[in-house]
Amino acid sequence: MNMAPLVDGSLVVLILAVAIWTIAVRDSFAAVVGYAIYGLMLALAWVRLAAIDAALTEAAIGGGLTGVLLIRAAVRLRPTESVVAGDSPAWFVKALAAVLAGAVSLALAVVVLTLPEPAPTLAPQVAEHIASTGLGNAVTAVLLAFRATDTLLEAVVLVFALIAVWSLAPDRFWGGRPGQHYHLEANGMLAYLARLLPPLGIVVAIYVFWVGADLPGGKFQAGTLLAAMWLLAIMAGLTDVPEVRLVWVRIALVTGSAVFLIIGFAGVPFAGAFLAYPEGYAKPLILIIEAASMLSIAVTLALLVLGPPERRGQS
Amino acid sequence: MSSVVSAALVRSAIFLMFWVALIGFSFSALLVGCVAAGSATWVSLRLLPPTPQRVRLGALVLLLPRFLWQSLLAGWDVARRAFDPRLPLRPGFVAFRSAHAPGHLRNTFATISSLMPGTLPCGEDGNDIIFHCLDVGQPILEQLAAEEKALAHVLDEGTGDG
Amino acid sequence: MSALATLIPETTTAGGFLLVLALVLPLAGVFAALILGGCNARRVAMLTIPLGLALAVAIGVELVQTGQTVIYLLGGWAPPLGIALRADGLSAAMLLTTTVVLLGVALFARDDFETPENLREARAPFMFWTLLMAVWGALNAVFLAGDLFTLYVALELLTFAGVPLVSLEGHSETLRAALRYLLFALLGSVLYMLGAVLLYGAYGTLDIAILAERVRPGMLCFAAVALMTVGLLAKTALFPLHLWLPPAHAGAPAAASAVLSALVVKGSWFLVVRLWFDVMPGVVTFSAAQLLGGLGSAAIVVGSVVALRQERLKLLVAYSTMAQIGYLFLMFPLAFDVSGNGPVHGFALAGGLLQVISHATAKAGMFMAAGLIYAALGHDRIADLAGVARTMPITVLAFALAGLALMGVVPSGAYLAKKLLLDAADGSGQWWWTIVLQGGAVFTAGYVVLVLASVLRRRSEPLLLVSRVSRLSELVALALSAGSLLLALAALGPVPGEFVSSSFAPKEMGVLLVVFLGGSLLASGLSRRSLLGAAGANAGVMRRIAAGVGESFELADGVIRRWQFASISLLMLAILFGGALVWGAPPS
Amino acid sequence: MSQLLDLWSIVAVSAGVFFFLAGTVGLLRFPDTLTRLHALTKADNLGLGLVVLGLLPRVSSPLAGLKLVCVWLLVLLAGAIASQLIARTAHRSGPKA
Amino acid sequence: MSATTLFGLCGALLVGVGIYGLVVNPQPLRKILSFNLIGSGVFLLFGVVARRGAALGMGGDPVPQALVITGIVVAFSATALAVALLLRLHDASGTASLTTKESPEPSDT
C-alpha cells in the first residue's frame, strides 16, 4: 500500500486551508502567525517535490524570518487595525475580485494540466557538466557555476534592499542602531532560549554550509540560520545591534559580493571568462565564495529584519 | 578562571560530538568541525557564562518518556476538541504559584508544561506563572503541581554540573 | 571549459567584456560608497558615471563597427544552461541615454546633496548618491541581461533602488506614495515571474534568443505573455495602472523625480519591447497590440487633461509623464501590418526608441526646471509663478525647450519619432493612430502653454526668492532640454534625409501653429484658472462646459487611482490580453 | 518483518497526518490566538513526532535515524518556546483575538 | 492525477487566493502577506516544473530548483522593505492606511 497520495492530498488541503484562512481572518496578528505555519507546511510540499534545498530555504526564510518580520509588524500596527479595517470594500468589489482571481487560477490550472510531455529539462546538461565543478549538489552547481550571475545579483538585491530600508531612517537617528532597544530579562523565557540555542545553531549552520557542496544545503540556508541566531540573541537583550555607521558592518555587508566579484574577475585571465573557475579549482573557490557569502547573508538578513536605525548611537 | 577553561573544554567537546553526529567521521570535515565547535563555544561562553547553578541535561533525558506520553495526550485533547462540532472550549487564565525561583529551572518547567494537555504559559506575575487554558473546568493546578514535583525529583537545584 | 566550443550556438564576441564592465561598474560604485561612507559617495558617483559613459560609448562603437550583437557568455557557460549578456542597438541606445541623463542628474544635484562639513555622513546625500548608482546598475542589468530570470532579478533591483528615491525626504505623504509604488510594483514583478515560470515549463529555457526560436502560439504562451505584459505595465504605470506614479514622482526631490520619470519607468517599458518583439514576435497579435495602443491613447488623453487641472507644477509634470508613457506604447500597434500576422517593425521600432530617448532627456530637463522653480520660490503653485521668467530666465528657457521637445517641434527627437510613427501608420494602413499622434501634441502644447503663460506674466511687486539656485543646475537642465530638442540632428545618420529637409516648409509651420492654437484653447478651457486672468470672471458657456469636462476627468482619475480599481483593472487587462492573443492567433 | 515495518510506517504516518489535520482544523475553528496556539503546538508537534517515528524504519543507517530524532527534538524545543513567546505577545498586547 | 499535478493545481489556487487578498484587504500588512502568498504559489509552480523535469537520477531539474531559492530570498527582501516602509509610515503619520482623507490624493474606500 502506498501512502503517498494520502500525505500529498492532506498536505495540499492543509496548505490551501491555511492560505485561505490567513486571507479571511479579521485579526492581523492571527493571520501572520498563520502565515508562519503556512511556510512550514509549504516546506513539506517542497520535500514532496524532491527539492530539499528549496524546502530548507522555504522553512528558514518563508516560515521563519518572514514570520518574525510580519509578527513584529503586526504587534506594532495593532492599534491602527480597526481604523483601517473600516475601509473594507463593498460586496460587489469583493465578488468581482473573487471572480477575476478565480479566472486567473483557472487559467493557470489549465496551463498546468497542459504542460508538455515529456517535460523539457536541463537536468541532462547539468549532469554532463557538473563533473567540471567538482560539486555533488546539482543545485549548488547551478547557483554558483552555471548561473553564478543570478546568485551574484541576488546578493546585490539583499544589499540594495538593506540600503533602501536604511534610507527610511529619520535624519536624527542616521548612523545609529536599528530597531528598538530590547531589555534583557535575565530569567525570562527568551533569554533562556537565546543562551542555549545559538551555539547549536552555529554548528548546524556550518554543517549546512559545508555539506551544501554535495548534499542539500548551502550558504542561504546556513546564512539564514546564523541570522536567526543573532536575532534571537539581540531580541533577548543579550547583545545589541551594531550602529549602521560602523565600517565593519558595511564591510560585512559587501564581503560576500566583493569576494564573488574578485574571484569572478580572476576567472578572466585564469579560466577564460568572468565568473569561470580554472580547471580543478572550482570546488575550493566555490567554497570560499560560499563562506564569505554566508556571513554577508547572515548580517544582511538580520539587519533587514531589524529595520532602519531608530536609536541614536551611544558615542 | 579555571571554571571558564573547564566549561570551555566541556562545551567544545559537546559541540564537536554534535558535529560528528551530524556529518560522520572524515578528516577534512573534522577540521571544519573544529572551527564550528570553536565558534559555537565562543558564542556559548559569551551568552551563558559558566556559573555553579545549572540544569543537568542527562537527568532531563530521563524525564523524556513521561513528556512524550503527555504530549500524546495533549495532541489527542486538542484533536478531540477541534473535531467536536460543539467546539467544547472554556478558555481562560490560571495563575500557578511555582515552587521554583525565576531562572533556568522554572523556564524548563514552563517549557515542558507547554507540551501538556490544555496549558500554555503566557506570562508571569510576581511568583506566579500565568497559564492560558483550553478548559478552565479541568483540574489544571493539580496537574501542574504533579508535573513540577516530577521535575523536582529528577533535578536538584544548584548541584548540576552539565 | 574546453568542451564548450562544440556545444555552443553562440560565443562571446570581441567586445563582450565591455558588457561585464558595464554591469559591474555601478554595483562596485554602490559597494565603494557604502564602505567609504557618505562624504565620499558623491565622489564615487562623479567618478563612475563618466567612466560608465565611456563604456556605453565603447559598446556603441563596437556595435556599429561589427554590425553584430555584442555577446558575453558569463562563466563561459552557453545558454540554456548558462546566462548570456547581449547588447543590440536597442540596448546600446538605452545604455547611452541612461548614462547621459544620469550624468546630467549628478551635475544638477551636486550642491543639493552635499554632506555638511561637520558630518562624516548624512542620510539624504549618502542615500541619494548610492541610490543613483543603484538605479544605474539595475538599469544596465535590465538592458544587457539575456535571460528572463536574470531580468526578473534586475527588475527587483530597479524597484528597490527606485522606491527609496521617492521617500528620500521622509514626509508621510511621500512614504505613503512609496509604499503604494512598492506594493503595486511587487504585484507586477510577481506576475512577470509567473509568466517566466510557465515559459520554462513549456520550453525548458529562460534565454531570450533560444526562447524566440522555440515559442509556438498556444494557451500556455498566451497566458505567459498576458501575465508578463500586464506585470510590466504595472511597473511602467501605463493607464489605468498609474495609481502610484503622480504622487511618487511629484513628491520626490527634483533630481530623484528626474531619474524616476526619465529612466526608471523605461526599464519595464524596455522589457515589454523585448518580450513582444524579440521573444514573442510569432505569438503577439494585431488585436493585442491595438489594445496596448488603446491604453496608450487613453493615457495621453487622461494624463494631459488631468495635468491641465493641476495647481502645482511638479504634479503637472508628473501627470505629463503619465501621458508621455502613453506615447511610448503607440509604437506597438504601428509595428504591425493590418493584414499580416506578426510584427513587421518598419519604422515604428526606430520611432519608439527615438521617442523614449527624447522623452528621457526632455522630461529630466523639465523636472529639473520645475524643481529649481520650487527651490527658488519655496512653492510651485502654478497660479503664483508670475515674474519667474524674468528672475530665472535660464530655468524657464529649459522648461520651454523641454516642452517644445515633448510636443515634437522641429528638430526635436520627438518630432522625428512622430514622423517615423506617422509613416508607420500610413504604411500599415492604421490611419486612426494618426489622430492620436497629432492630437497628443496638442495636449502637450496645452500644459506647456499653461505653465509658460503663468511664468511669463509680469508681476507688480518684486518676486521674493527663498534661496538662490545654482547656475550649474540651471545649465544642466537647459542642456538636457536643448539636447532633446536637437536630437533629430544627431539622429540624422540612419534616417532618410527627406524627413528633416522639409522641416521648415510652410506645411510644418502650419501644423505647428495649429498645435499651439489648439493647445492654448485646451489650456484656457480645461485649466482650473482661466489662462488670461480676468476672463475667469465672465465665464462663458463654453468655458463652463470645458471646466465640467476637466472636472469629470479629474474625478475619473481619482477613481481609477484607487487601489481596488487599479488592481482589478490589472486582472481584467490580463484577461483581455489573453483574449486578444487567442482571438487574433492564426489557426493552428 | 518488512511487512510489519511497512504497516507500522503506514499507521504512524497516517496518525501523524491526522494530528496535523487536527491542528489545522483547530487553527481554523478556535476562537482566538491563544487557543489556536494550543491547537498548533500540541497537535503539530505530535504529528511531526509520529511522522518521524513512521519514517524511522525506512532510513538507510542508524545515524540518519538519530538525525531524524534530533530534528524532531529541536523542533519540539523551538516550537514549545516559540509558542510561549507568541503567547506572551498576544497576552500582553490585549485580550482582543 | 499525479502528485506533481496536484501540487501544480495547489500553486495555481494559491496565486488566486493571494491575488484576491491583495485586491480586497485594505490593510497594507495584509497586502504584503498576500503578496507572499502569490509568490509562494508561483514558486510552487516552478517547483512542479522542476519535478516534472526529473532525469538521470536527479529528483528534479536543478535549474528551476536553484532559481526558486533565489526567488525566495528576493521575495523576503521585498517583504522586509515593504514592512519597514509601512512601519515608518505608521510612525510618521500615525496611520497605516494607503490613503489619506484630507490630501489631494484620491481616497480608497
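In this document, chain identifiers A, B, C, D and E correspond to the written order of the chains, with residue numbering beginning at 1 in each.
Here is the rule we go by: a contact is a pair of C-beta atoms (placed from the backbone, for glycine too) under 8 Å apart; a residue touches a chain by one contact, two chains touch by 3 or more.
What you see is a predicted model; the values in this text were computed from it and never measured.
Asker: What is the set of chains touching both subunit B and subunit D?
Answerer: The common neighbours are A.
Asker: In this assembly, which chains make contact with subunit A and also with subunit D?
Answerer: Under the touch definition, subunit A and subunit D have B as mutual neighbours.
Asker: What chain is the most remote from subunit D, judged by the mean position of CA atoms in each chain?
Answerer: Result for the farthest chain: C.
Asker: Which two chains have the most C-beta pairs in contact?
Answerer: A-E
Asker: Quick one: point me to the chain whose Cα centre is farthest from that of subunit B.
Answerer: The chain lying farthest from subunit B is C.
Asker: Round to the nearest whole Å and give the separation of the Cα centres of subunit B and subunit E.
Answerer: 36
Asker: Need the CA-centroid distance for the pair subunit D / subunit E, whole Å please.
Answerer: 26
Asker: Hey, how far is the Cα centre of subunit C from the one of subunit D, in Å?
Answerer: For subunit C versus subunit D, the centre distance works out to 52 Å.
Asker: For subunit B and subunit C, what's the span in angstrom between their mean Cα positions?
Answerer: One centre to the other, that is 59 Å.
Asker: Identify all positions of subunit B at which a residue touches two or more other chains, and write them in rising order.
Answerer: If we look for residues of subunit B contacting two or more partner chains, we find 22, 110-111, 121.
Asker: Please list all residues of subunit A that touch 2 or more other chains.
Answerer: Residue numbers touching two or more other chains: 89, 93, 97, 100-101, 104, 108, 111, 115, 119-122, 126, 146-147, 150, 154, 157, 160-161, 164, 168, 189, 192, 200.
Asker: Where in subunit C do residues touch at least two different other chains?
Answerer: Touching at least two other chains: 81, 149, 153, 156, 160, 163, 167, 170, 175, 194, 198, 200-201, 204, 564, 567-568, 571.
Asker: Which chains touch, pair by pair?
Answerer: A-B, A-C, A-D, A-E, B-D, C-E
Asker: Could you list, by residue number, the parts of subunit A that touch subunit E in their complex?
Answerer: So the residues of subunit A in touch with subunit E come to 4-5, 8-9, 12, 15-16, 19-20, 22-23, 28, 31-32, 35, 38-39, 42, 45-46, 48-51, 53-54, 57-58, 61-62, 65-66, 69-70, 73-74, 76-77, 80-81, 83-89, 93-94, 97-98, 100-102, 104-106, 108-109, 111-113, 115, 119-124, 126-127, 138-143, 146-147, 150-151, 154, 157-158, 160-161, 164-165, 168, 218, 220, 301, 304-305, 307-308.
Asker: Can you name the residues of subunit B that touch subunit D in the complex?
Answerer: So the residues of subunit B in touch with subunit D come to 21-22, 24, 68, 71-72, 74-79, 81-83, 87, 89, 91, 110-112, 114-115, 117-118, 120-123, 130, 132, 134.
Asker: Write out the stretch or stretches of subunit C touching subunit E in their complex.
Answerer: Residues 81, 149, 152-153, 156, 159-160, 163, 167, 170-173, 175-176, 178-180, 182-183, 186-187, 190, 193-194, 197-198, 200-201, 204, 247, 557-559, 561-564, 567-568, 571 of subunit C touch subunit E in their complex.
Asker: Show which residues of subunit C lie in contact with subunit A when the two form their complex.
Answerer: Counting only subunit C, the residues touching subunit A are 1, 3, 12, 17, 20, 24, 27-28, 30-31, 34-35, 37, 72-77, 80-83, 120-124, 127, 130-131, 134, 137-138, 141, 147, 149-150, 153-154, 156-157, 160-161, 163-164, 167-168, 170, 175, 194, 198, 200-205, 219-220, 223, 564, 567-568, 571-572, 574-575, 578.
Asker: In the complex formed with subunit D, which residues of subunit A make contact?
Answerer: Residues of subunit A touching subunit D: 1, 3, 6-7, 10, 14, 17-18, 21, 26-27, 29-30, 33-34, 37, 71, 75, 78, 189-190, 192-193, 197, 200.
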